[in-house]
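Look for chain A in each of the two complexes below; its partner is chain B in the first and chain C in the second.
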Partner chain A sequence: MLRDPRILTGSIIALVVVVLAILGPLFAPYGENEIVGKPFTMEGGPLGTDYLGQDVLSRVLYGGQSVLMIAVLATVLGVALGLVVGVTAAYVGGWLDELLMRGNDVLLAFPQILIALVVLSAVEQPTWWMIVLLVGIAHAPRVARVARGVALSYVNNDFVTAAEAIGEPRWRIAMFELGPNLVVPLLAETGLRLTYSIGTVAAIGFLGFASNPNAADWGQMTNENRLALLVQPWGVLAPVILIGLFTIGTNLIADGIGQRAAKGA
Partner chain B sequence: MSAVEQEALVEELPELPTRRVGSPARAWTQWLLRRLGLAILTLLAVSIIVFFATNALGDPVRAILGKDYDVSPDRVAALEQLLHLDLPTWQRYLMWLGDLLRGDLGVSAANGLPVAELIGDRVINSAFLVLVTAVIMIPTSIGLAMLAARWRGGALDNSLQFVTLALAGLPEFVTGILLVALFSTSVFHWLPAVTVMPVGGAPWDRPASMILPVATLLIAVVPYLARILRSTMIEAMDSDYVELARLKGVPEGLVLRRHVLPNTVVPTIQVTALQLAWLVGGVVLVEYLFNYPGIGATLVDSVRNSDFPMVQALAMIIAAVYIVVNLIADVLSILFTPRARTGMVK
Partner chain C sequence: MSQTVTEELRCRVEDLRISLPARGVDVVDHVDLTLKAGEILGLVGESGSGKTTTGTALLGYARTGAAISGGDIEVAGHKVRELGPAQVRAIRGVTIGYVPQDPSSALNPSIRIGAQLRELLDLHDIGTPEERGRRIRQILPEVGLPNDEAFLRRYPHQLSGGQVQRVALAMVFLPRPQVLVLDEPTTGLDVTTQGMVLRTLEELCRRFDVAALYVTHDLSVVATISNRVAVMYAGRLAEIGPVKQIFTNPSHPYTRALLNAIPHLHRPFALTGIPGRTPAPGNRPPGCRFNDRCSFAVPECSAEEPPDVEVSPGHFAACIRTDALPAWDPTDRVVADTDPRRDRKIILTVSDLDIFYGTSHVVHGVNFDLAVQEVVALVGESGSGKTTISRCVGGIHDNWDGTIAVDGEPLATAARKRTADQRRRVQYIFQNPYLSLNPRRTVEQILVRPLELFGVATGKAARERAAQLLEDVQLGESAMSLRTNRLSGGERQRVAIARAIAVEPDILVCDEITSALDVSIQGSITELLNSIKAERHISMLFVTHDLALVRSIADRILVLQNGRLVESGLAADVLDRPQEEYTQKLLANTPTLDRWMDTSH
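Let's look at the complex of A and B:
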């Protein structure tokens, strides 16, 4: 798989960002909330200071874990939910299929960030699991659609009929007969969802709805330091570039896997 | 485009009438009525979600008042009265829905003004932003896709494929911030970074301030659209009828225009509709970033102020536009598919 130039390049880019986020705090020259100079100047580390005079480089090194963690959890939740709904719809068929897919259409009418915004309007201070839940649920209908499409092409195959004939329980058929066939196409979908997760989670921070207002967080940093883009751009640019790099990486991986899946490799 | 996206795309195509029911006109009318009914049902379900989602994880009054919640019980009581919190949720939903159907969007919880009055101009501003983007997006994407498909595997195609793939995954606020840094603050100082409007002015009075928001939206939608259109075109170019046209000596340019392009109309409509629908949500971040006076920026402010009537109205508008865009795309797809239009499928 790593011979595919897209998957290789994407993996390297994504991995660099992940390693930076995980090991970052160990190398941060200053503390997460340590004031090192006047706000929006080039004091402190090489990237200067942010809106409170905290060190931008240190905040960048601290701020990746929360974004990546929430995005990964949201992706896992969304793919799992979507998989269950999609495979159930495809395998059971009939009125349940119709019902699930119509319900799916309703959720699809909400742009991804809208669900999060509507729910967050009633919440004073969102917690991290709320963001996981909201971003994950927004993914689910999109994954369900793909999962159903892929599963539909297998449900009438002989191996499914054979398993039914020997009396295997339905949930076992869904998991062990259909499941393995969905792995590669859904891996590509998962990559794509991870790309959008990062975007949405960071966007929630960018709009100012992050879970912890004092913590360093790439999304939130863009919001905090936005006004000073003219005088001290690094407070915004550094986290934005890292988010951008990560999404480019995961998107390359998703596309590479998708093309391999199409070729049947 | 990945295979998964392609498969998702096939799913997007509208369900065509599968049986031949009487005359074509009757089949067509039946399909249209069913599709309209579904759209209305979807909208109804959307309204239920919008209403209950605002109550799902928090207490509205507490969110509106913030720190004042504990110190001013009279304001709590007043707000509870305004939002009818003494009634059961279902009853409140029905009241809200009834008002909505009569065209009454309610009163803002933040300043007591009618919601319709507050968002009227903003809806127009957002529609203008989306429209300008769409007008540029469609020909650009088709043009790029045709160029790439015409010289498939060439240097141009490969570089386009690479650039569009890299851009396709970038979140729109990342693109937006990078554009601002590049063109209006850090590197060059050519374009305004935010939309500054005189009171009572409209964004089209200041075309320069529209450039960056539109460019950001374009970078978010064009790469994806161009990639999908390219693979649709390539699929058509590999078909037997195109091969035949080439064999009988039709010049390649004419083959593209006369034989390939018409056969990509329906997928083009479908994907374009998807991207348009995406734009309606995408404007939220872009408007906030550029301080553009549209519904997106208003939505963010209303969410921050926990102004439920505003949030609900704006969410309904955005979802309704999505549903209408898809409905129109489905109708157009059927109109451009002769065998579906005449009810002759299978």
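Let's look at the complex of A and C:
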């Protein structure tokens, strides 16, 4: 799989960003909230200071963990939910399929970020798990559509009928007969969903709904420092570049896997 | 067969070589063919033999990834390899026609018949507009269709299946081609439609003096339609000669092995397969390519490529052992028919079976029974309900009324409502082994699961048993850890058979289990089923559209038409002395090798 140049490049880029986010705090020259100079100047570290005079480089190194973690958890949640709904709809079929998929269509009609904003502005203090939940649930209908489509091409295959004919329990058919066939196509979908998760989580941060307003967070940083974009662009650019790189990396992986799946590898 | 072959050479292929440049291997090499006007040359071979590749090469076409890399191709005076793309396009469809599998699929469902026929002539700018109309009106009666304005204004879906095929054939002959390449045109068609297509093709080829290359895997079709036959194996011609010579004095061991794998309609024939696998391009053995599977091979066979030996005038075999082959006598493979006085201990009874799909009633009041260690064949054309009946017995289709009883114990409609023991006793084998085995699971997982599910064996015992089963179906234990996508079609079907017999069933329901496979593999699977039946005392319900195959495997036969049982009885009785008009029609349309059985020909 790593011989595919796309998957290899994507993996390297994504890995570099992840490592940076995880190990970043160890190498940060200053503390997360340490004031190192006047705001929006090139004092302190090489990337200058932010709106409070904190060191941008250090905040970037500190601020990746929360974004990536929330994004990954939200993706896992969304894919798991979507998978259950999609495979159930495809395998059981009939009225349940109709019910699930029409309900799904209703959810799809809501803009992903809108639901999140409605809930987050309604609560007093957003917590990280709320964001995971909201982003994850917003993904589920999209994953469900894909999972149903893929599962549908297998549910009428003779190997499923053969398992039915010997009386294999239905959950075992879903898990062991359908499941393995869904892995590769859904891996591609997962990669895509992860990309969207990062985008959404960063957007939520940018709009100011962070669980901890003082903490460093790539999404939040773009919001905090946007006023001085012309004077001290690094406060916005540094986190944006990292988010962009990670998105490109995961997208490359997803694309590569998707193409391999299409070729039947 | 009217012999109107003239001496006019229409097509000449010399030393043809087609290779895969990316891998540097040859798919086809050293192929020499000639076609005379009014002649049909049958090119037979199994999958991977390069027969279709050779056929399309006449049109100057090689599939993506392959290239015609050597040799001369001359079609009706055109040197195809020297033509530019535009020139090749100009002769395709006009001078040299191509008929694909299921010719009617070439018709556009949203264009009227008349417009489609005319389009072809317009495209190649043949004749004046009035002439085009006249030609269309002339050709339609030739294929047995009306040529009035009302007919021309119809759409393909308004015609019957047979008529659509006829239109497609008319389309092929409309530009008066000089050479035709027919690529399995009747594969997948019903016997009656196939019979019609073959008769029409033969007649038109003779009438219009066309030289045709008929590419197929079906030797019985070739025996019916062609003047000469070429047998291809692993990219080379093994044998070529007049049809009578090929069938009465086959002189290449491969041809003989193929003939031994083909059932005959009027004699019960002990079928045998060919051991081993057809070698893929790049893996072909040195010397004679058949040497590793040949029972007549001597060490010299692998030393160098055999020359073409002229066995009799115009009959060549690429084999150095032609002198060593015994005289060909197919009758010594004939076995005894089922003894009609045999005791029948009934195990499966089907009575008053009515089957529905939604609200449509597809099978009407069918009654039959099956005895222990007996094979009952369900035959009929598509839509006759034969597969549907078998699916009800297997509990896969549950919308039916009536009684299906095993040992007097009535079965529930759906498999899930039956007891575990009832499910175990009836096992179903599917037509297409590419769909019936999960591509993501290993052979071991596939075989062990039913053993565990029915509590036959677990853990190590189950694995040992799976290994034994693989030996029983002649696959070998080494296949255990493979995923099924690493196996060939025949090997997959063996795994499917192993899965079915794993739980010691009493009844096997076999749904067209050989029809997706090559001839030689069909032969070996039939051999395997016969031995399973004898050793394990298993009864089988054998669904097939191939009447000849019935004679080699079944004791009794049930003929179905539109969901009704029209005739039943011992296989020998029904096939030799059919009472019903429908059975007679089916038999008359079934291509067969029987006419070559008597060596006195």
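Heads up, the rule we're going with is that the second predicted complex is superposed on the first by the 265 of 265 C-alpha atoms of A that agree within 3 Å, B and C clash if a C-alpha of one lies under 4 Å from a C-alpha of the other, contacts with A are read in each partner's own complex, and residues count from 1 in each chain.
One rule holds for everything that comes next: a contact is a pair of C-beta atoms (placed from the backbone, for glycine too) under 8 Å apart; a residue touches a chain by one contact, two chains touch by 3 or more.
Here the structure is a predicted model, which is why all the values come from computation and not from measurement.
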item: Fit or clash between chain C and chain B when superposed on chain A; value: fit
item: First (chain B), second (chain C), both or neither touched by A:11; value: neither
item: A:168 touches, of chain B and chain C: first, second, both or neither?; value: second
item: Touching partner for A:158 - first (chain B), second (chain C), both, neither; value: second
item: Which of chain B and chain C A:230 touches, first, second, both or neither; value: first
item: First (chain B), second (chain C), both or neither touched by A:181; value: second
item: Which of chain B and chain C A:66 touches, first, second, both or neither; value: neither
item: Superposition-derived comparison: chain B or chain C, residues of chain A touched; value: B
item: First (chain B), second (chain C), both or neither touched by A:252; value: first
item: Degrees between the directions from chain A toward chain B and toward chain C, using C-alpha centres, nearest 10; value: 80
item: Shortest CA-CA distance between chain B and chain C [superposed frame, angstrom]; value: 6
item: Common interface residues of chain A - those touching chain B in one complex and chain C in the other; value: none
item: Chain B contact footprint on chain A (complex, rising order); value: 6, 102-103, 105-115, 117-124, 130, 142, 145-146, 148-150, 185-186, 188-189, 192, 195-196, 198-200, 202-203, 206-209, 222, 226, 229-230, 233, 236-237, 240-241, 243-244, 247-248, 250-252, 254-255, 257-259, 261-262
item: Contact set on chain C toward chain A in their complex; value: 394-396, 415-416, 418, 420, 423-424, 427-428, 430-432, 435-441, 449-450, 453-454, 499, 503
item: Complex contact set, residues of chain A against chain C; value: 157-159, 161-162, 164-168, 176-177, 180-181, 183
item: Chain B - residues contacting chain A, complex; value: 1-8, 10-11, 38, 41-43, 45-46, 49-50, 53-60, 62-63, 66, 165-166, 168-175, 177-178, 180-181, 185-186, 193, 277-278, 280-282, 284-285, 288-289, 299-300, 302-304, 306-308, 311-312, 315, 318-319, 322-323
